[in-house]
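Multiple structures are listed underneath, in structure tokens.
Below, chain A partners chain B and then partners chain C, in two separate complexes.
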Partner chain A sequence: MVEDVEMTSMVTIDNVTQSFALKDGGQYIALKDISLEIKEGEFVSLIGHSGCGKSTLLNLLAGLTLATKGGILMDGRQVTSPGPDRMVVFQNYSLLPWQTVRQNIDLAVTNVLRHLSSEERTELVYKQLRTVGLSAAADKFPRELSGGMKQRVAIARALAIQPRLLLLDEPFGALDALTRGNLQQQLMQICQEAGVTTVMVTHDVDEALLLSDRVVMLTNGPEAEIGQILNVHLPRPRQRLEVMEHPDYYQLRIELIGFLQQQRRTRQRRSAVAATMATSPSRTAKVVRLGYLPGLDVAPLAMAIDSQLFDPAVVQVVPESFADWRRLEERLVDGGLDMAITSATTPLQLNLGLGNQPGQKRTPWAAITPMTVSRNGNALCLARHLLDLGIEDRASLVEWIQARDKPFTIGIPQHHGIAELLLRHWLTAGGLNVEEHIAFTMLSPLTMVGALRTGAIDAFCAGRYRVAEAVEDRQGYVLATDLDIWSGHPEKVLTTSEAWAAANPEALVAICSGLMQAAARCDNSNQRDEMTRVLSQPQWLGTRSAIALTRQFKTGRGDASPELLRFNQFHVDRAHIPNRSEGTWFLTQFSRWGWCPFPTNRQELLALTYRPDICDHALAEAGFQALPAPRSTFALADGIPFNADEPIPYLKKQLQGSLPPMERAELPATSSQQPVLIPTA
Partner chain B sequence: MPETTQLPPSISPLSSEQERPFLQFEGVGQVFKSRTGEFEALRNINLTVSRGEFVCVIGHSGCGKSTLLNMVSGFLHPTSGSVTMQGAAIESPGPDRMVVFQNYSLLPWQTVNQNVALAVKAARPELSAKEGAQVVEHHLELVGLLEARHKKPPQLSGGMRQRVAIARALAVQPEVLVLDEPFGALDAITKEELQEELLTIWAERKPTVLMITHDIDEALFLADRVVMMTNGPAATIGEIMEVPFARPRSYEVIQADERYGQLRNHALDFLYRRFAHDES
Partner chain C sequence: MTTALAKSRKQRRSRIPWLNTPLARQIKAPVVCIGLTLALWQLLCLPNPDGFPGPIQVITQTWTPYISQPFYDDGGTAKGLGLQILISLQRVVVGYSLAAIVGIAAGLAIGLNDFLRRGFDPLIQVLRTVPPLAWLPISLLLLQQADSAAIFVIFITAIWPIIINTAVGIREIPQDYTNVARVLRLRKRSYLRDILLPATAPYVFTGLRISVGLAWLAIVAAEMLKADGGIGFFIWDAYNAGGDTSTSQIILAIFYVGVVGLILDRLVGMVGDRISGGGR
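The block that comes next holds the complex of A and B.
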């Protein structure tokens, strides 16, 4: 799972959170869960809108402040105070006005490099002045210098004491465009010659691209986090104007500018949504209608209700069972439900207007997901007679399908859902042309086994307990589980509307918190009997299905039951986090299969959809530690590593080198533009 | 003669009934006399601007951009050649040509409302008190400042002050709007918001706009044409670039256009290679 660190990193920012006390007794969380590795000799820029905490992060690196949570390591040692191995250059130069240029530098050298003789020191000072082209100004006072010259002195001073890490806080922010350009060029040469590792805060995208190896983009504050990291692979040495003529330059620039613009719109959207919501905390418990389809995935919901884990002072949860996803989604969108446990892809589908039928478009509807309810749990179940044909693995299945003249029919709970994505991925990775050979049929999960029995379908993909049912009935056998395709994938998520979430923050946190506490019990093997008892109740799975859970999961292939630890994962391994990286993967696949263009404004779309902030509040409420979503690269069955920061190269590989259609996704109207959904009774 | 960059065809700002030049610079030169001698700021400027066109002027400091615009405002007369509007020479400042400066130039002791109302009253005396109030309100609404109308400039942020200045200029309903680096002092976010607002208000009545800027991205977002000046002394128009992007524009759409990078690089090449300024 964890990406290997190719080079040893020099600086490690380890899960840093920085908060400040407010006058009213509250806390302002400037940075949240920042983790970053910086390699020796690397030039990293931090970019983001004002208030995103980029200078706060720089101050932490400098050791001027200490992180509230987490910490910073340099060469394996914790940074706790400022030191001469880390020099900071500020926008306002910070030169001593009553000392000459030479004296300003000499003072720093004398303080730090005490072992040098005075001749050596003088030589060093002049060498630095030569480096920045200021030998002639050695005996001038700062006030006699232009802004650009002053900043060169500040840089010369910082580099004179040979720091390992150079920290630049908008060093050229106060200079005009022209001076800035020349200084950027000089700085780049100096840093390269000195081989000094550099972290620079800037808001100038061209500056960031010219100088950096990587640009770290921070999301809006408060609670700013790393939104995206851009690798700037432009060849070095770079020249300011030539670099812009590189064929990739404007693509990179669009990534940066697009990110900043999307952050801006996300902020506008959040404040617009917040402004329409009257804050009147109700005294009575909110009645919340929560839709679901019976399945093992609802175990946390069943357990939470049975054990009264939803705070009765805040919410009264009314579960509503559905037989198919289409109906459930209709009720969610028309306001008949307040929220639902849906496929992990549903919130993005709703926001994009991507329907559950091939080619179906619908009006985008502003959906959010505050938590993942379950991970894994699907299996591909084939009709029993295929086992007699010797189909025991993907290779034999693919070979058999390719040899026959009609498509292989697979029942899925809904089109465009997680099950279809996993199957398409897995079969394609096995060399099958899915479009040509597979017919996906949407069926209610309740009717899958029957359809298999009648031969209406050749196989189906569904949750473990439907599959167990087919195996018990000797109708089918398990060819693969999602552990073979993407272990730990999000399966079901809690979905509600942006407006409902904004209007009922307390109720939403109470529900998430209850589900999380129940999920922890579901993952606890000591609670297995209790879980079976609860699920046996008729409104959940009923006796027969629940009994299937008490046995080891059988594949129906006669071999010993494989160890399917975590086949259903509800809580462990940060299971609850609504993870934007996973959402990014969904977007690549929607585009891969031609269902919709890849959105150029994915950050905005993901920020609307995925709400780890609500998840964090709920985790705290439930008494669990809030851990950040891992920013690691993951690979699925085809082995192509997926890095959420670079979805396009990934998609290009899957599309054999062709570029997918890209388009800006029109986001759904905010609640203020939508009719307000008034709950009945 | 200024060369015009060959670029893909664009929407023409000219419509058939507006073929008569609206604003015209013909052989314009400007020489300033001082005790130490003469300083030739501009030489042989030729430019025709159509009605409703949005033109940005870009160049290094000292290239005479402000001098050029001051002749449109009527603050300055050309030493040679002529600046005419609808065929008549521009003699003096007038409410048909409104100027917005970088430093806002609001009256600090008057409220936002009063600042705008004062200009409307002076420029459009024919309006009744009620009509005048409506005009003020409408323009404050356009820039999203209705709620701040009773505040005084010192209570406002830079972005809000510049919004007042723009609202004031447009409430007068000028034929020509002259903007002298209006967003130069603002942060990137506020700047972008104001640029979008400016385009929205401009689209309402389409006054002719001449705007000075240092920012190439700003010029490409706003303008129909970008006039690039050579360096002074004796600065002149080096090149005119047509900006082909359809309106209404969004940054996202135009920057995704592959012509964007070409145009931007072309302008950068002009400013930083062909007419580079030495840093001293």
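The block that comes next holds the complex of A and C.
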């Protein structure tokens, strides 16, 4: 399937960034990291609010402007200049007023199709005029035509030169509703008959749905990105009215309008937050209280402090160690901490008001995450005696659990966290009814090994060094690591409040940048001894745990220890990016286990939570290249591919075909607590 | 109230039907206002019949030979006003045509080439403000001959608006049309013929129209100072002659100068509309 797409892709927009120089010497980044494949014969619409760079993207496709970064390939060749194989129908028709309709089309035909004889050209011009039903107007000047007729002439001119790619820039924007409807229908028929690949910029939701195979939704500018891609599987040939009566139409329309509304609200929210926060560049370094739970995950923090990677002119980081997540989150929310390294799910939980205990609700709190601190690093550790029962893989474990009459108890550091999500997913994929057979117990990570020893829990899921301790003590053995479940999953992220981030942008970037530099060292195998030395300090892991790390990670099953080089991932493979696709997966899982309804305004929620823009600034500050978040689909243990653009079908599959409850998530108020009135543009 | 008023006005209008024809309605206001001005002028001149002539005197004093025989020629500089105007027009046509040719060419070059534009812009801005007569001594020194000098003054006065407007016209070609040209990869010649010239024409004619007015201003002034023949010379000659009817002759000549200037302006405007107005 993927192969197939590669084969027939006619146009490739590869990682395109477009920026314009500003008068004050700065730069306006209109588009950022746009990647898109367009197949031969496909009709693609670009939709988004004004100023989102739709037309900029179209001009790039036309070759009228060149991308600042990245490039566009058509039929395998780079687009470097405009050409008649990529004909544009401009927004205001762009007919030459001093030429008649016929002359306008003839100018294009004569210049482009030079191999034709003059009779053939004349015939072609009249054929195109007949196609758009304007034969009678051939000798009229554009000023004598109505808007709709002018647009038809422009379309006839474009199609007359038989382009490979037809580019339409809001073709019907200036027309009245009736004319627009007729023209849309005509354009659809013409494009279908000609089989021409088309990209259309529009802001009309119904127009996009009627005409397109795919609708590409762009986020707000500046730095607009592809927010979501909607596949329109309505049958062709389409008729306006039939399309609107199709059962899927309503849902598609809601999806599109919802996206646009959420973009608008996100923009309003950002400007409201910016308006209330008077950011004063402080002369002295900002003191930042940063909370964490000891673990290998916080190695970048330890390294950054030890090597003084936080710019001392901007921030002074005061790390505060916590024994459990509940206490840490309380301090974060009540303002006792400025930021914290938390579970990857915590920012979304805070924004949704999803508590750490089953069924617990709390007031939504506006949290953001500017970077992922670590990926992977969890392992499922079972009590040693289970190994003697022959439980060596998921199948035998599931079989054994199903056979016994009391639930299997697993210790987890927090409810609703990433560890629980992964375990639930993995066990369910193994055929186990998690709700019936598993009891999840929240424990401080510090007490997990002890609880395993006393038999209070049958297993626990925790970070590498806790598990290493249990294995060292011959208390447990490793049944699975998260590499078996979701390799490269986000584990710990930096979390702070929306308000703090808005008020202290420099400090936040300095902290992220320091963590990133430290993370690069943590991933460097030459620095392992140094990392162990730093982590041996009592405020991080202490000598004993650190020594466990220096040994090869043992599974405790007697087999040769597998090479787990990438068990913890701090920096490589774009590890830092706060990825909205991953957030979307979390939301599906929250909903799958019934913790909260699936938010209909997920784009808005994700735009609030995930801040790749800050990540990019920090990467640049740290001297790393900012790479875009991968938009590709990923699959976990159950093998069902997850496409962040289509979470509902994914969720439906996991719920055996039933539709999850959906509801608009009430987003936390901006920190000022008073509504800021932003005039709608 | 208002309806009654409107009604009474309508009734009054209908009483004199010929006043309602479109032509009558159009010339009513100018006829009334100009008539009043002339009457006032006549009134002011009444107390002193030997001093400044009133409009009636102007016409009676100049009727023969100036009004009745515009094309008489007694040899030398004693010619009818029509002939004098023709002499002036001849000079204007030569100077203005030169200015148009050179000006449009220079404007194209400056409009198309950013280096030239930025290089010459300060010079053009300075020279275009120089009054026509300031050029006369230089052109006399340069060309020695009164006739060529007058033509040069017209040329140098008329050229600036043509250059400036042509250059602006090229820079103001709408992006839409250039984009069309770029996408279609129009060849040079086609671009010139189909896009550049038609798009610039209105600006060029604006420049030409401003210039023709300036040229006519310049010729009258230049002829007053140094020329044999021409309407400017006639005015200055009449003044120097100091006869009884001199003042009337001067007034009549001024009237003719104004009318000719108006006709020239309208003529260029008409040509411009005809050429560049197609399709707009």
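The rule is short, and it goes like this: the second predicted complex is superposed on the first by the 667 of 681 C-alpha atoms of A that agree within 3 Å, B and C clash if a C-alpha of one lies under 4 Å from a C-alpha of the other, contacts with A are read in each partner's own complex, and residues count from 1 in each chain.
Convention: a contact is a pair of C-beta atoms (placed from the backbone, for glycine too) under 8 Å apart; a residue touches a chain by one contact, two chains touch by 3 or more.
Small disclaimer: the values here were computed from a predicted structure and weren't measured.
Asker: With both structures lined up on chain A, is it a clash or a fit for chain B and chain C?
Answerer: When both complexes are placed onto chain A, chain B and chain C end up side by side without any clash.
Asker: Tell me which partner A:443 touches in the superposition: chain B (first), chain C (second), both or neither.
Answerer: Neither partner.
Asker: First (chain B), second (chain C), both or neither: which does A:258 touch?
Answerer: Touch partner of A:258: chain B, not chain C.
Asker: Would you sort A:664 into first (chain B), second (chain C), both or neither based on which partner it touches?
Answerer: first
Asker: Once chain A of both complexes is superposed, is A:179 in touch with chain B (first), chain C (second), both, or neither?
Answerer: A:179 sits against chain B, while chain C stays out of touch.
Asker: After the superposition on A, what does A:90 contact: first (chain B), second (chain C), both or neither?
Answerer: A:90 sits against chain C, while chain B stays out of touch.
Asker: Once the structures are superposed on A, label A:244 by its partner contacts, choosing first (chain B), second (chain C), both or neither.
Answerer: first
Asker: Where does A:50 make contact in the superposed view: on chain B (first), on chain C (second), on both, or on neither?
Answerer: Only chain B is touched by A:50; chain C is not.
Asker: In Å, how small is the closest CA gap from chain B to chain C once the two complexes are overlaid?
Answerer: Checking C-alpha atoms only, chain B sits 17 Å from chain C at its nearest point.
Asker: Spell out the residues on chain B that touch chain A in their complex, using ranges where they run on.
Answerer: 60-61, 187-189, 192, 214-215, 251-253, 255-256, 258, 260-261, 264-265, 268-269, 272-273, 277, 279-280
Asker: For the complex, which residues does chain A have touching chain B?
Answerer: 49-50, 146, 148, 176-179, 181-182, 203, 240-241, 244-245, 249-250, 253-254, 257-258, 260-261, 264, 600-601, 664
Asker: Quick one: which bits of chain C touch chain A in the complex? Just the residue numbers, please.
Answerer: 176-177, 179-180, 182-187, 190, 194-195, 198-199, 276, 278-280
Asker: Which bits of chain A are touching chain C when the two form their complex?
Answerer: Of all residues in chain A, those touching chain C are 62, 64, 81-84, 86-88, 90, 92, 94, 96-100, 107-108, 110-112, 141-143, 161.
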